[in-house]
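Just so it is clear, A, B and C label the chains in written order, and each chain counts residues from 1 on its own.
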Amino acid sequence: MNFSENNTTSANAAPIIELSHVDKHFGSLHVLKDISLTVKKGEVVVIIGPSGSGKSTLCRTINRLETIDSGEIRIDGTALPEEGKKLALLRSQVGMVFQSFNLFSHKTILDNVTIAPIDVLGKSKKEARAEAMDLLKRVGVDSQASKVPAQLSGGQQQRVAIARALAMHPKAILFDEPTSALDPEMIGEVLDVMTSLAKDGMTMVIVTHEMNFARRVADRIIFMDGGSILEENTPDEFFSHPQTKRAQDFLNSIQAH
Amino acid sequence: MKQTQSSIRDVLYEAPGPKARKRIAVITVLSLLALAALAVAVIRRFAQTGQLDARYWSIFTRYTTWRFLGYGLTGTMTAALTAGVITFFAGLLLMMGRISSCKVLRVLCTVLIEFSRGVPTLLFIYFFLLVVPQFGIRLPALWKVALPVAISACGVVAEVLRSGVNAVPKGQTEAALSLGMQRRSAFFKIIFPQALRYVIPALISELVIVLKDTTFAYIVNYSDLMQNARVLISNYDALLSVYLVTAVIYILINYALNKISVAVARRTQ
Amino acid sequence: MNAARQIFKPCRLFPTGRAFCFLSGPAKGDNHMDISALLTQYGDKYLQALLTTWKLTVFSFSLAFLIGIAITVIRVCPIRPLQLFGDFYIQIFRNIPGAALLILLVYALPYLNIVLSYYTCVLIATSLIPSAFCSEYLMAGMNTIAPGQIEAARALGMSFSKIMKNIVIPQALRSSVLSLTNLLVATMLTTALASQVPMNPMDLTGLVSHINTRAVGGVTAFLISAVLYCTTAVIIGQIGTRIDRKVRILR
């Protein structure tokens, strides 16, 4: 499954996600400080940093699950609406995969993947189901299609969540710490799916702690701490030559284990 | 940044945009007006029918009124606590019979529990009022209230206790037995105290129901709050105000009990 | 068998002349009736009383359910005054004793020039009290939904009404089946309040007191009503458990 016109990301590719001077406060806490970020079509951007740095919040502002105090967010050139049908439309074009999977517990796996294409995009049941089975096959859980989420392992549930996001043919997918709630032996299967998505040219914004994965898959690493973007670089450059002290400390504290 | 635990009430409506904020503000004002109008209409009706007259409400400025209601409340509490104690032990016995290994006992207790849960308290009260005297048994009024209320509640208490026992991890029994304890003492020393701790909030809720049931004491002529309210009414001819105040007293007591139940539940969490 | 007659003085005769007196002990010197005599004389009345109880239960529960849904919607909406009103309603009607409410409706309202029929008063009492519990159970059902699922639905582009239709309402209802079954049984038990007012036809509880003031029905008269109540409760419970097993959501 191919997501881009050409197989490579070109420097002139249109920006899918643009954040300009985004600021956010939680009460008196300044959680996002003047964030500016551009994600081009087909790019895989990985955001890393210590907890409390605001990376999850940043991810969630992109589809307005969190509001911003000032600044601008654009999806594929359109400013992010504040409410209503237009916002719902834009949300349907940006997929999201959550740390706690958030599958709908009362629906089967197949229904979980088909419900949004049917109810939001207006697809026919037949078409949606056929596509859903393809996607489930692609992520490796097609044999579980008639089960309910509680019967699946964490890794399987997360892969279904990815299929659910893919079923909407999104322009980009946001990943908010997708493997943080998984047992170690299941992290690999989810990361494999994400790697293959990246290879096929999907635009991805990933918040994660998995450094090896980031090094392999990312086009760009964003390092955040205390609500600001401190470093932005290619993976090789960042991991071998971190430029700020905070980044150096962070990488050291991870290698120590 | 970790988000704090949110319940469904917070997440159902997302942060409103400008249009939604305006709509919410407008509807808030409208609903405040509507509620105010409702309150005004009620007060007006009271005034029109003369129910706001001082003679109906001045009795509540007198200490004797409140003392008399206080006696009634004592009666209510006595009946409720008596019924509460009986129902607890009856429920305990029924629960133990329900989980016993003897099949006959199990079936008998299941039937008794279903019977207690399926019959209204009023019917039990009529049984003690009308049927029991037919056998020559004369009970004081307190027992004519406390016993039927207790019988009506003991089935629920039995099931509540049983759910508590089932909630205790099986490992506890296994550990106790492997230490050489007898089944009986393992149950009472290890399992039951834990089960009780789980279900105290539910037992307090059941106490609220018992208390509400004691209001039927007027049927058997027992001096509880309702009964004393009646006497006040016949003495001062102030029916509406007295009944309203009585109802409010009951509501406040039960509200307090429910709050205690929630607080206990939170502490044992 | 000398039960002292204790007639409770009616509080006040209403302008319409209705009096309200509570029944007391059995008349002296009547024959003790056994079950066959009871059934021949009162069999059809028992059937009528059973149907009356069932009808009252069904009406009350339906009303309670509709009101409960309305109150839940009010309690959940983002308008603060309405939320507070809904919470206030709940606290009133889950804490007020049924007898107190019925007495207010039958006795106190006429002083405000609102005179309702006995049946209406009973229906109001047996609907409003369960409606508060219904709303509590529906809220509890809603709280079983992980908030993240709402966010996921939102992230997929579902509007508020779609989220309610696809995620919230199905899960809330399916999680409340057992509680609502218990509520139906509790409503049936609450309809015994109908015995406190003159009603024709009588309900099962009123019939027992009626019989025992005219004859010595003994334990049998009581048992017939009790068994009828009990059997209904058990059947309702069984049906509810079966439905719950089918629609229960695994988590």
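The criterion applied here is as follows: a residue touches a chain if its C-beta (ideal position, glycine included) is under 8 Å from a C-beta of that chain, and two chains touch if they have at least 3 such contacts.
Note that this is a predicted model, so its numbers are computed, not measured.
Asks: Graph of touching chains, which shape: line, ring, star, complete, other?
Replies: The chain contacts form a complete graph, every chain touching every other.
Asks: Measuring between mean CA coordinates, which chain is farthest from chain B?
Replies: The most distant chain relative to chain B turns out to be A.
Asks: Between A-C and A-B, which chain pair is linked by more C-beta pairs in contact?
Replies: Counting C-beta pairs in contact, A-C comes out ahead.
Asks: Per the centroid of Cα atoms for each chain, what is the distance between chain B and chain C, given in Å?
Replies: Taking the average C-alpha coordinate of chain B and of chain C, the gap between them is 16 Å.
Asks: Centroid of chain A to centroid of chain B, CA atoms only: how many Å?
Replies: For chain A versus chain B, the centre distance works out to 50 Å.
Asks: Provide the list of chain A residues touching at least two other chains, using ranges where the numbers run on.
Replies: Only 65 qualify.
Asks: Can you list every residue of chain C that touches 2 or more other chains, as numbers and ranges?
Replies: In chain C, residues 145, 151, 154 touch at least two other chains, as defined above.
Asks: So which stretches of chain B touch two or more other chains?
Replies: As it turns out, chain B has residues touching two or more other chains at 14, 16.
Asks: Quick check on the complex: what are the chain A residues that touch chain B?
Replies: Going through chain A, the ones touching chain B are 26, 31, 51-52, 54, 56-57, 65-67, 81-84, 87.
Asks: What residues of chain C sit close enough to touch chain A in their complex?
Replies: The contact residues of chain C facing chain A are 145-146, 148-149, 151-159, 162, 166-167, 170-171, 174, 249-251.
Asks: List the residues on chain B that touch chain C in their complex, please.
Replies: Touching chain C: residues 6-14, 16, 24, 27-28, 31-32, 35, 45-46, 48-49, 51, 114-115, 117-123, 126-127, 129-131, 133-134, 136, 208, 211-213, 215-216, 218-219, 221, 226, 230, 233-234, 239-240, 243-244, 246-247, 250-252, 254-255, 258 of chain B.
Asks: Could you please specify the touching residues of chain A with respect to chain C in the complex?
Replies: Residues in contact with chain C: 63, 65, 85, 88-96, 98, 100, 102-106, 115-116, 119-120, 148, 150-151, 161, 164-165, 168.
Asks: How about chain B: which of its residues touch chain A in the complex?
Replies: 1-2, 14-20
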